[in-house]
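Written out below as structure tokens is the structure these notes cover.
By written order: A, B, C, D, E and F. Residues from 1 in each chain.
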Amino acid sequence: MKSYPYPLLKPPSFAWDRSAAPAEPKVNEWIETLEVAHADQTDWSAVDATILGIPLSRSSISASAASENPDAMRRAWKYFTTYNLDHDVDLSEMRVVDLGDVRQHVTDIARCHQNIREAMQAMRTHHPQVLPVMMGGDHSITAMLIKGYKDAHPHDRVGILQLDTHFDLRDLADNGPSNGTPVRNLIESGTVKGEDVHNIGLHGFFNARSLKTYADEVGVCYTTLREARKQGVAQTVKEALESLSQRVDAIYLTVDMDVLDSSYGPGVPASTPGGMSSDELFEAVHVAGLCYKVKAMDMVCLDPFKDRGEATVKTAVHVMLSFLTGYKQRLK
Amino acid sequence: MKSYPYPLLKPPSFAWDRSAAPAEPKVNEWIETLEVAHADQTDWSAVDATILGIPLSRSSISASAASENPDAMRRAWKYFTTYNLDHDVDLSEMRVVDLGDVRQHVTDIARCHQNIREAMQAMRTHHPQVLPVMMGGDHSITAMLIKGYKDAHPHDRVGILQLDTHFDLRDLADNGPSNGTPVRNLIESGTVKGEDVHNIGLHGFFNARSLKTYADEVGVCYTTLREARKQGVAQTVKEALESLSQRVDAIYLTVDMDVLDSSYGPGVPASTPGGMSSDELFEAVHVAGLCYKVKAMDMVCLDPFKDRGEATVKTAVHVMLSFLTGYKQRLK
Amino acid sequence: MKSYPYPLLKPPSFAWDRSAAPAEPKVNEWIETLEVAHADQTDWSAVDATILGIPLSRSSISASAASENPDAMRRAWKYFTTYNLDHDVDLSEMRVVDLGDVRQHVTDIARCHQNIREAMQAMRTHHPQVLPVMMGGDHSITAMLIKGYKDAHPHDRVGILQLDTHFDLRDLADNGPSNGTPVRNLIESGTVKGEDVHNIGLHGFFNARSLKTYADEVGVCYTTLREARKQGVAQTVKEALESLSQRVDAIYLTVDMDVLDSSYGPGVPASTPGGMSSDELFEAVHVAGLCYKVKAMDMVCLDPFKDRGEATVKTAVHVMLSFLTGYKQRLK
Amino acid sequence: MKSYPYPLLKPPSFAWDRSAAPAEPKVNEWIETLEVAHADQTDWSAVDATILGIPLSRSSISASAASENPDAMRRAWKYFTTYNLDHDVDLSEMRVVDLGDVRQHVTDIARCHQNIREAMQAMRTHHPQVLPVMMGGDHSITAMLIKGYKDAHPHDRVGILQLDTHFDLRDLADNGPSNGTPVRNLIESGTVKGEDVHNIGLHGFFNARSLKTYADEVGVCYTTLREARKQGVAQTVKEALESLSQRVDAIYLTVDMDVLDSSYGPGVPASTPGGMSSDELFEAVHVAGLCYKVKAMDMVCLDPFKDRGEATVKTAVHVMLSFLTGYKQRLK
Amino acid sequence: MKSYPYPLLKPPSFAWDRSAAPAEPKVNEWIETLEVAHADQTDWSAVDATILGIPLSRSSISASAASENPDAMRRAWKYFTTYNLDHDVDLSEMRVVDLGDVRQHVTDIARCHQNIREAMQAMRTHHPQVLPVMMGGDHSITAMLIKGYKDAHPHDRVGILQLDTHFDLRDLADNGPSNGTPVRNLIESGTVKGEDVHNIGLHGFFNARSLKTYADEVGVCYTTLREARKQGVAQTVKEALESLSQRVDAIYLTVDMDVLDSSYGPGVPASTPGGMSSDELFEAVHVAGLCYKVKAMDMVCLDPFKDRGEATVKTAVHVMLSFLTGYKQRLK
Amino acid sequence: MKSYPYPLLKPPSFAWDRSAAPAEPKVNEWIETLEVAHADQTDWSAVDATILGIPLSRSSISASAASENPDAMRRAWKYFTTYNLDHDVDLSEMRVVDLGDVRQHVTDIARCHQNIREAMQAMRTHHPQVLPVMMGGDHSITAMLIKGYKDAHPHDRVGILQLDTHFDLRDLADNGPSNGTPVRNLIESGTVKGEDVHNIGLHGFFNARSLKTYADEVGVCYTTLREARKQGVAQTVKEALESLSQRVDAIYLTVDMDVLDSSYGPGVPASTPGGMSSDELFEAVHVAGLCYKVKAMDMVCLDPFKDRGEATVKTAVHVMLSFLTGYKQRLK
């Protein structure tokens, strides 16, 4: 096992006490924290998934503290058991390692983005069989993560399943690689083909018409939430994944938490009335977890400072666990 | 004096800068503000709808800051594009003018009510082809607005589609024309016939039995939310409008925001558990917007001081835009 | 009529003014407060139901102010009429008496529990035809209340319909009779058979796997929320009650308010994403109210200090009133 | 088209209607907004002060929405008259122009900083007799503003009066020109001499010892709040200004709002227990306004998203007005 | 004893349980509630003070729920003992009766004002030796209360000690007898002479210059907070009372809670930075309670919906109790 | 070194990452966490102080989450440097070890109290030269801690300096050893003499008269806040300590955080208007830290669930650090 690129990572600022973890752990007692000093000795072949925090939201168009989300999610792990009663799956039968956070710089956003890209490349290079799960941060990080993925797997055709209220197809010429641009960034840079993106969750008055026009021109697939609900969101996701699976080598799942209705996602500044319920979202990501081509996922744009208590942060943790439930079922 | 370095500066954003409105405006850049000094020169024949604020809530039974709602909605316009992705409709192809607010008096509620009535009469007299949209204020204003409508169109038979958790049929003898009385006020004054009122959204323990008895006596139509959901709220609204359309000349849509479930309408003091979801309400008003007989609408009883952030205020703006989407489709 | 066991009870700290209650009362004007000084003269044969506050939450695993819920619910009665429009039922045709609260001790939880048990036994002994409705407090009280019920009716086989996100089957050996243990407490003490418990509402990652294993071993019935929704929660409840009714003499309905989704139950610290909506819960308890074998009910684990305004407290009052609606329909 | 019934209508209030400003205006009716299209015609010789918003907080070490402060302060102007009763001074006898905001870039912080520097240089070049007042933004902007000042007045020796809980002397090598570095930035770049900086407000455990050591090495003057209170904060400020005035040509007043005690400054994330009261701060800036050498001032690090209502934003507006009161007294 | 004017009063909507009041009562167990049915039998000669709620805030310029303050204060009585440790005074040695609230009308503000005036007249006629304490409501009520006082005592010269951030001298011609006008109302109606009003607490930018000019013209006395603090607020109040006592027969103390600094009065919408501390206010009203000429007092403009918890409501109760402490000391 | 009594302790649920602590640590990087597994090897002679969490608030009369305070304070350590600028003292020159929390039981409060007592005895027995600092919890713990102290030092005469709004002299016969009783508990059990208790901070209406009578009977010393302010709180504390020092062997400092004014202590449910400022409290505990006889201290009754952000929790940390500053100065 080659050494791990420590310089880009820093451990979480706090660690849960796992010494006394019982036979039936809580999620915080189950997920391991990478001990940086001994990272070389980690047996990555026994690890099923890694978790990585990306505490960057300086690149957000609106002021955001989504940078605080990775630690907020870690603190909320304690509210969850590892056992999914709905599917009779126990996540603790998998090994999941929390790598900590990608190092960020206060005043140089380009360097932040580069660090994120390199961290993803490193993960995919050093332990390509391990599933990476990323806790953002704002949506600008997705472009960097997928570029990093391509750096490690240059010959893979990569598709995207996007659960989002927005297209995220804004023009980079306006304000650089902000959180409004990741999908366009990937298409324009040739990283991903327009037709290999499928967005589910669009609705209402939250996208300029020109973005739809652009989406149509570059062939981005999308199903509005109103349409998706006709046969159920989960079934719509399933069909989109089957279609994507036929033409790409890997699917990256990106969950913009603003896809939630504002009553379900009070901690997401950009959540809107008319969005998804928590329940619909859990089912959707569970289906994605089951799909063999899904190789990575992220959750973005949750600002814990705006949350009502920790309600939305808990929802995000549940999204992660529902996804991992599908992944666990896939592994068996 | 040398010229000032404009490129680095931009004006404060909250004085909605329409001069720089892009090709694809936000709602605040699209809706025009009436310039009072030049109101005479306005070409009303090119205007499709007007927006009017009615900042009155002294007439509310419970203490309310619904008077602050018109400005709160205006501030929240900036969160919306003019493009409705669900229906592929661009509202910016219509012209909508914000007339400002009806003047109110601090200690003379009767004068406030009279001003409201006269403002509606004036609008209907000066530009009867323009659709008026009113942002309340509490529900007492609806009686005044419909009376003003009748003042301008004395020979029109006017019906009401009411989305509301309450009958609003309280006795005026108790406390005058408060927000609990508008529908009774209109029936007792002979402005509207009981049978020309259809209320959709009643449920639970929020109306005294005597009000139901009165409603039955005067022939008010109503469908409880529980019944409406059996075939869907939107379909129920559609059928109610078709029935009303056969017997009245004009239908006035009044949306008491307390029809929302309290999880969807935290900013509505009278919202209740068991009420409508945002999604159901958007569909309902969209259907109403499509109906040719619907000639005016209002939204009432939202107190932005009680809101969670601006969640409910945004929902109210979405209600207005969903209604205008139907109206736009009707125009074409 | 035998005298009432005053020593265990204390009146509510405040009382609504009922002197001027109109023909159509609000709930606070309808529910009578037991006048302790004249309790001997109460004609219990004319009383249909009693309400009892159990202000105990020191026994909660997590810090909780559920002890404040009984008074919070009393204060929120004023928001409700007695008339249920959905079912055309007027609760004011029943007589309901608020007995006040069971006395609690600050530092002796065992004594608190004993008081609760004795209060239930006393109620069932002195006026067994009256339906008791209990406002908790945390879920530890349910074990005491059902034991008190059995003390009064030792030959009755008692079943439980539990609406809950959790099994509440934790081991008492760990931390005594806390709010995580009531169902196990009842099973291990032989008060209730495992097979006579039916839990509806479980979901997600909120129960350790060992609890499911234990539930299976002792035969506890359960339907996850995901399964229940396939045919509707109300229908699932109806079938569970029919099944229980065939083998038990009395069914005790316990509503852990944490069964609500956290968007619908912001005042329930243990509410979770993916839970029930208010509407589903109202329908479920209405169905339970209709069932002849249901002889008592409680609502627990609502912490009004954590509520958003009084939204969840109002929801709890609505739960009580929806249940009483079914009960009223049963009586006729 | 017949005329419209103006008497009943008034324009929306938040587009500050200055046309109808009464003889005694509110602050929002008094401060003029620069009309960019006609900026060339402005007679700057009649202007006493300009106000400039600097909506930058991406450069903040901790996540901050101080970028929203300029607009928040503008919205809060309406709560203030122009008349200072304590000093019998009417600010409306001065002309103050709001220039709007310096344009910012979403992902290029260096460009943001350059824009700020150039804006200050331009102001000082085009109308050097006008006092500039800046509403931040985070404290990183102060370095840019003073550099811009020096660009315009390269031969002026500039001093700083800093009201702050922190030294702001962190090493730029760590994370670039963030909000922890402005004073060091100015000293290391040779813009300001260490001895020409006087900080009043330091206290408690909020500065690393090495920063004090650095301050001592480069000769920065400071008076802890505890010392300042012995003779009064205002008197301490007065003496510091007199001392600075003897050796510099111009004094720049920078008010880090975190100097407030956290009970007085709930909207300042970095405010601390043991800080200044509002009253002490108003007196301090009033004294600074009176000092002839004070040529510019800024207020920074207030995050209106964290405020309790608008309490701290109003306090910031009062700081600005108290400073302008002194300036007005100086002018006469 | 003549009968009491019941029609204008209604009892509080709830009453504290006094049946079990211990030897050492809490304030809620001490203050008696007038039993309207037996009001005729009350021995008023044994009563020292009455408390009256005035739940009117429709007359407030800004939207306000100060109407909810009387009940909010009653609920907060439970937090206080009757024993003042600072002065070794036990209030429970006095008899204080809560008369309930003056009836209000929803849509007729003039009738509300008339009811208030008549209620004061009735109190002063039926039991003139009893001290009335009023819980507002907004400040418009003070004009009505003092007019009612004069109706009962037409030959008394009445003075006012006003603790307030504002003059409350706005022109009634603008918007009628709102909360901005009470002092002017009294002066213009000849009820009180300008020179018999002394305002302590003015500061900052919260009064138009014209109001100061008017105050000077009609001879209103005032001491700014800044001036008052030089010798202490309590001493300033003492001297003002001594001066007033020499020329008037009775002094009415009116406490506009907006005199508090906004950190001390978060529940007062008009509280400002730079205002009084709670401590200064308690000392001030204690001094007023000691003054023999002070015959009545009110507290106004506290909106409990805006409070942080019940912090400001508790402060208002403390104001009332501190005043009553002085009154008790005066009685002995 | 004898072994440490592990059974009673559990480590904090999380630990700060100290691996990368810089030369100038934050408080969270400075305070060491006891590694339970290697506690035997700890060289206690090099340790200056220990910190112990006491997460018990079930014994509180009012519902309280003060049990969450120890972890809340630990999380807030990160906001503080170890360097006290006011006194030029660097705490990092001392060694302070966080022992974790005393184990608590959910339903057996007596066992909780016994654990606390034994933990204190163990600390004083195993490393008597180390200063213990306790983070409560409610005030009932103080009686147990001082009893544990006496168990270890049976021949020491122990005095108490109490900073508190209340006497805490309630009768244990009423509800057991709750948070209203600790001082009486200690006096009645003969642990501490009444005359060896000095309370500073009493004021207003927050103690029954009988408690003052009891205090006088048993000789408890007290200085009201009003009296203390005449010469300054710090000076009053100094004199009280000097007086106590003459007659006792050890002084225990107990800080009930409710001594703070409610504007300074929003997170203390029992804080009151008219209480201490943060600044006064910091000075008071600093003086206590300097006193050689002060051998232990605790901070109690802070409920972080009620805090405004973390304002009060930060204040509590500052109290601890201000006390340790004095202790550090004493050591040198």
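As a convention for this text, contacts are C-beta pairs under 8 Å (C-beta built on N, C-alpha and C of every residue); 3 or more make two chains touch, one makes a residue touch a chain.
Quick caveat, the model's predicted, so the values are computed rather than measured.
Number of steps on the shortest path from chain B to chain F, with steps defined by chain touch: 2.
Rounded to a multiple of 5, the C-alpha superposition of chain B onto chain D involves a rotation of 180 degrees.
Distances between chain centres, each the mean of the C-alpha atoms, put A farthest from chain E. Sharing over half of its contact pairs with B-C by residue number, the repeated interface among B-E, A-D or D-E is D-E. Spacing of chain E relative to chain F, judged by their CA centroids, is 41 angstrom.
Rounded to whole angstrom, the centroid-to-centroid distance between chain A and chain F, based on C-alpha atoms, equals 44 Å. Residues of chain A found to touch two or more other chains are 263, 306, 308.
Note for the complex: chain F touches chain A at residues 10-17, 19-20, 36-37, 78.
Residues of chain C that touch chain F in their complex: 57-61, 63-65, 67-68, 105-110, 140, 175-178, 305-306.
Those residues of chain B lying in contact with chain C across their complex are 202-210, 212, 224, 226, 261-263, 266, 272-274, 306, 308. On the side of chain A, the complex with chain C involves touching residues 23-24, 27, 80-86, 88, 90, 263-264, 278-279, 282, 308-309, 311, 314-315, 318, 321.
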